[in-house]
Amino acid sequence: MTEEIIIAGFGGQGVLSMGKIMAYSGIMQNQEVSWMPSYGPEMRGGTANVTVIISDDRISSPILNKYDTAIILNQQSMDKFESTVKPGGMLIYDPNGISRHPSRTDINIYQVEAAKQAAIMKASKTFNMVVLGAFLKLKPIINLENIEKGLKKSLPERHYHMIPMNIDAINQGSEIVKAIHVL
Amino acid sequence: MTEEIIIAGFGGQGVLSMGKIMAYSGIMQNQEVSWMPSYGPEMRGGTANVTVIISDDRISSPILNKYDTAIILNQQSMDKFESTVKPGGMLIYDPNGISRHPSRTDINIYQVEAAKQAAIMKASKTFNMVVLGAFLKLKPIINLENIEKGLKKSLPERHYHMIPMNIDAINQGSEIVKAIHVL
Amino acid sequence: MAKVKGTIVVDTETCKGCEVCIPVCPTNVIAMSAKVNSKGYNYMNLVGEDCTGCTNCAVVCPDGVITVYRVKV
Amino acid sequence: MAKVKGTIVVDTETCKGCEVCIPVCPTNVIAMSAKVNSKGYNYMNLVGEDCTGCTNCAVVCPDGVITVYRVKV
Amino acid sequence: MKELRLMKGNEAMAEAAIRAGFDGYFGYPITPQSEVMEHLQKERPAIRTGMVVLQAESEVASINMVYGGAASGKNVLTSSSSPGISLMQEGISYIAAAELPCLIINVVRGGPGLGDIQAAQSDYFQAVKGGGHGDYRLIVLAPSSVQECSDFVKLALELANKYNNPAMLLSDGAIGQMMEKVELFPQQPRWTLEEIRKKKPWATNGRLFNQERHIVTSLHLIPEKLEAHNNHLQAKYKEIEKNEVRYEEIKCDDAEYIIVAYGLASRTAQKTLQLARAEGIKLGLIRPITLFPFPKIPISTYAEKVKGFLTLEMSAGQMVEDVRLAVNGRVPVEFYGRTGGMLPAPDEVLAVVKNVFKI
Amino acid sequence: MKELRLMKGNEAMAEAAIRAGFDGYFGYPITPQSEVMEHLQKERPAIRTGMVVLQAESEVASINMVYGGAASGKNVLTSSSSPGISLMQEGISYIAAAELPCLIINVVRGGPGLGDIQAAQSDYFQAVKGGGHGDYRLIVLAPSSVQECSDFVKLALELANKYNNPAMLLSDGAIGQMMEKVELFPQQPRWTLEEIRKKKPWATNGRLFNQERHIVTSLHLIPEKLEAHNNHLQAKYKEIEKNEVRYEEIKCDDAEYIIVAYGLASRTAQKTLQLARAEGIKLGLIRPITLFPFPKIPISTYAEKVKGFLTLEMSAGQMVEDVRLAVNGRVPVEFYGRTGGMLPAPDEVLAVVKNVFKI
Amino acid sequence: MNIEMIKPENLVYTKTKLMTDNALSYCPGCGHGTAHRIIMEVIDEMGIQEDTIGIAPVGCSVLAYEFMNIDMQEASHGRAPALATAVKRLWPDKYVFSYQGDGDLAAIGTAETIHACNRGENIVMIFINNGIYGMTGGQMAPTTLPNMKTATSPYGRDVKEMGHPLKMTELIAQLPGTYYVTRQAVHKPANVRKTKKAIRKAFELSKENVGVCFIEIVSNCNSGWKMRPNEANIWMEDNMFPFFPLGDIKVDGQLITK
Amino acid sequence: MNIEMIKPENLVYTKTKLMTDNALSYCPGCGHGTAHRIIMEVIDEMGIQEDTIGIAPVGCSVLAYEFMNIDMQEASHGRAPALATAVKRLWPDKYVFSYQGDGDLAAIGTAETIHACNRGENIVMIFINNGIYGMTGGQMAPTTLPNMKTATSPYGRDVKEMGHPLKMTELIAQLPGTYYVTRQAVHKPANVRKTKKAIRKAFELSKENVGVCFIEIVSNCNSGWKMRPNEANIWMEDNMFPFFPLGDIKVDGQLITK
């Protein structure tokens, strides 16, 4: 199993930490992982993206231009990454702030209204976990137990009390994700 | 014609400027010249030497390890340079301060008591010109007129009054040089 | 003594919502918008009537987004 | 008060003939030689009798060539 | 128990420096490697192992602190990125000349000049041929993963100490910034005074009673002596070339074409290999791990067997010269490179392979 | 009337800088090149031509003064020797990246480290491959006589301005210190304001009324832009390689063996030629005058005709790599070098020729 | 808003045309923008845009050339005074200024700063002291206050280990080559106006070849300090100003004695 | 000479064994030799030769390691304070001193000097100010006096063009990291004795980790000045001392006010 994922959105949406939790969780289940962020001025510009690879085998290039899954959280990222999903691959997006919806017909497309859900939950910080939940529902490559371990590894101890809230968000995400176009 | 000369002695004996006058004089008679000093800490150590080449043709290496003529002005230099004279070449030395006289039999050896002569003339500064006179007597590759021009080129104007004294010393040198061993 | 009245024009698209201008207004007539601009910043707005055109806000605005007008009345 | 008498030993081969020691001798008992050492320097010499062993010359000698002895007499 | 962590390359190098038992780090911030010093400071190595960490006033000061520290017998390192490493060239030449073991990390970014802060491999010449003056060599290791960032810090120190030679880790911005799983090696003790005295008897840390004092210098005013010193250095470099070549080869056995790539580019090449093999193209990969000593012999050996080489670099073409020197005209050596922080993609490279070798 | 002088190489370069119409010199003393600034100061160029001469606080400052001066459209230069040039590597990379024409003189001495102050050629890699970070090239000219010291200062300025590229004169301590006959070229006027505006329209010396202002930078934060800039630079370097190769060949027509040597070593080689020919050995000499661009094609052409090459250097072997790359395995390329300021002697080289080629 | 008031004749303040229309790359509330603007206002008001060359090295203001609409050079880290020296000497009739951060001017560029000041180059030096390396993500600068936390002093600057905050401005004021040396701020209207006056004075003096005119601006780096901008400005008043007191340090070549 | 006086028990002065027997490479009459000797005397008298590391960079004293019979490092030009910083921090129980010329410490090494002083490294810094670059053949140094002729100021140092002589010692005395700062000379017996006391004091303080102890020695470079040694010393008194007045500048961390 090798899953190549791009997560892309604004800085502040928790894109990088979402990737980090996925990567740590991968380690928890004995997989190879890589987490390759955009950095520097690209980030100052306001966008942030990270390539996460989780694999049973040694990972070759941590930098890719085609992905199994694209998780897209703003319009700029949609413009940049829709075309990078491999045929037959998957695109998950939050429609909030999206003006041009994805139009490819050779991939699976899902929506998750994560921003809305996080607002409903009055827990805007868990936005990225809602998205993660949606992803895991569709590709259960990491089990929840390992996600919990991953969370523990990537959070400082003083934030451990927030773990249940995050797990809750993941569950919410897996519930609200909806198919837009399925092959 | 190509004449490859090493002049070697103490710093302060005017070794470098003697070479410079020879080189400038060469230019005055339209020849190619090169003047390659030892420099740096070698000099601080107290010795000074310069390789002068005067030639009708383009000069290849300005650095040599065999010479047509060696002009040797102290013992250290004798030890270092006696062996570098080409067979059939010439060695001129001032016996003042020399404890081990040259012993080669395959070269022409001459003595010039320049220090003594300069002292007699009460013009210790012209020591090097006495030596030059000896050399020119034996190898008249530069004529006196061009030496005078060379002197002018290498002296600042305020020292022009010293030129006659120098010419005098050259003449003295050509008179007192004596053969020690001639092939 | 002649009274002065002023007004400001804010380039709300360029405003970065830093709020540095807010405390320097002597008449407290500026405030941050609830809405965000296309860069995602809440921008500054003239909200009151008593702007004196003192230029304070414009002078401290790091992004130079404020233009000030003033008339004697 | 006890009188002192001194003497110095100069490493004449190492002396560089700089003459820095000459003016600092309170009793003017040192001077430069006419002869040169093997390096070509005129070297310093004790020439008088009244050395007090004050160490002045040794203390300023950059090359540290002077050794000083002193006795109370 | 294995100690697994998800870490950035930069953090892994810092953590490895503490664990390898380094005595001191001296550095100056620069993107994309500032996390090295930041991780060190966060970890309070003064408390963990007694390691000294100091932010210097510049890279020139950093490298000269490394010079002083290494000369005193301590295991020290610095890190920087391209422009900062350029500023260190005089110091590096001094350190190499004085034969001081130490570690210099270059997390390469796009150049020349201020360039950008993205990953690049355009400092190969500087690292391998000597960006400073004079004939000298660094031992240059090129990690291609975060794991190697950690491992090579330790290895570099060992090699540096084995040969009394500065070592360099030539990483890049992407490896520095990316996170991967690392298995951390256990804490090594810092050298005791006795070990220092024994292993670095030449060090200047106080002359021992009744023993010869020590001098560290790179000055040899007499040309004969300087030449002798250079001969000694060259002999040492030959020895290093003989003993310390490290490389990895993947699927070269049956290869008709071989990609030569190091560091991050080698991972792109690996992926290219997968794509190529899937299409039935017999592509192999040689990944130099040591850039000096360069794996000349393996490349030369394969030059007898394959139809051609492609050198893949994130530069305008630097290592390709060493590949050509190894191949020496026997088969074509092609080059493909991206610059300025642009990263070649596996499919792009495969297309190049097909194109240049007319497959 | 010909203006003949007996001058040191260093003095000739300084005098040529005044005469070539340079606007400014910024430097820092170091043996064996201090005569460059000393001659300049003695000549009062401020009075002779209005040229600015300033002793900087360091080589780092010098090269950055050159950066500023060149960026402002003036013709400026600096000079130093090996350790000082190493300190300039960051600045040189910036200047090359910003495409600023200027001249850097390296009067090479023995290295590495403090080394000694005798003549050497061990900074070839640094000059030619780029001692600084990133992919860039200097135009490198290697004088082999005092006459060329003078001529090449002028030529280097012309080439630098033609390509908006920094040029380097790679001389050495012996050429710097030795005196030869020089025919000085006549005084060239310094550029007028109008000429500067016309020939360097990009320069930052005050934005003209209603015209676009100018920027000098080497920063290109977007990798695509930096790559485009690098492509532009590489294209320029190709152009320079096409147009500006300069070399001298002596007796190569009938040669069976060719020595490749530059600068001072080429003069030893010339003498070796004389000795060899006297013995009936058909030896030729190729003397690269431009080290970048390197005379690849002539060497490659002769590789078809001769039995072998010997590269002679005052280093442990640097240019030999470029010779090997040009010959590409067709005939043996041997190397002989002396280091640390030791100079090879003609008879010694002849013995090597006979030995390596079994003559 | 009073629409009818918005007429050219009522205009009392607008961004100078010597600032380009490029959006500033600085974090919201960063003083760099204000500093840029008032320098450009002075150049505009003096009408010397054709005769001024600005030099900014690496630091957050590395892109100053994108914003200041005059001829600009981007220098390597710390070396702006060297570039400025050369430009001014080669173009003695021009106005030349450098614009440097505290890491740049007081750490890596110490030698260039001291020597340009000591030579008395006829340039204007602007020094933005925000007590931190903004550009590279908030590492300790020479001017970082005791116990201040930064990315490389995560437990606070320990002066015993990491040295004291360096008062570079007081130091260069000691040198005979500096003529006018002042420390100002730009976080409040009165400060901005005062600083602008100081900058104007510096540029005017620069014409008279009196030597270096040096203006330190104590500024916030709210990102590096991890505060909101107004919070940062208050922290700056409470903590930076006591250590780096505002006011003239040297006027007419004479040190101000207190 | 009084042969019978020459007995060990009468010995009052002889060269310390911490000076090697190598002939000094300095010109006749150069103060470097005296400075070397008294440093070694102090180390000898304190019995700390096993615990002292000396660092001398390029300059006439580049060969100091040939003469000072202790562990020595030869640094690159200007960087001795960086080396010393590292050595002292890695070996906090050792005595570490640097020995630098004026070109070295006050030109190329300005940043390293200022920052080592500012950090308050617990080292002794010896600064030989002879107003010139001796080693390279007499070029202008930062400390060259106004109108003084050197190889690179052949018509005299024009302060308008070439800057003012830099009083580095006064400058670093301003920094809180320096504890004891003094300027001395070694051309006369009284001066030598005073300087030696200062050096002893510096080394003793160094043990207490009080920060930098800095000793400037104004010295002659008779070769560079083109004078005979005694002549040079007189010229030094007449010209150097008025500009670089001898005496303590900072004691116990307090500036001496005059």
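Per-chain numbering from 1; labels A, B, C, D, E, F, G and H assigned in written order.
Note that a residue touches a chain if its C-beta (ideal position, glycine included) is under 8 Å from a C-beta of that chain, and two chains touch if they have at least 3 such contacts.
Just so it is clear, the structure is predicted and the values come from calculations on it, not from any experiment.
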Pair exhibiting more inter-chain C-beta contacts, C-G or A-E: C-G
Maximum centroid distance from chain F, chain identifier (CA atoms): C
For chain C paired with chain F, centre-to-centre distance based on mean C-alpha positions, whole Å: 59
For chain E paired with chain H, centre-to-centre distance based on mean C-alpha positions, whole Å: 39
In chain G, residues with contacts to at least two other chains: 62, 74, 76, 107-108, 110-111, 114-115, 142, 162
Per-residue multi-chain contacts in chain B, two or more chains: 40-41
List of chain F residues in touch with chain B within their complex: 4, 6, 31-32, 116-118, 173-174, 177-181, 264, 267-268, 270-271, 273-274, 343, 345-348
Chain H - residues contacting chain G, complex: 107-111, 114-115, 118-120, 142, 159-160, 162-164, 166, 170-171, 174-177
Contact set on chain E toward chain F in their complex: 60, 82-87, 89-90, 93-98, 108, 110-118, 120, 122-123, 125-126, 129-136, 217-231, 233-234, 315-318, 321, 324-325, 327-330, 338-342
Chain B - residues contacting chain F, complex: 20, 23-24, 27, 32-37, 39-41, 59-66, 153-154
Touching residues (chain side chain E, partner chain G) in the complex: 28-31, 34, 37-38, 41-42, 44, 54-55, 57-60, 83, 113-114
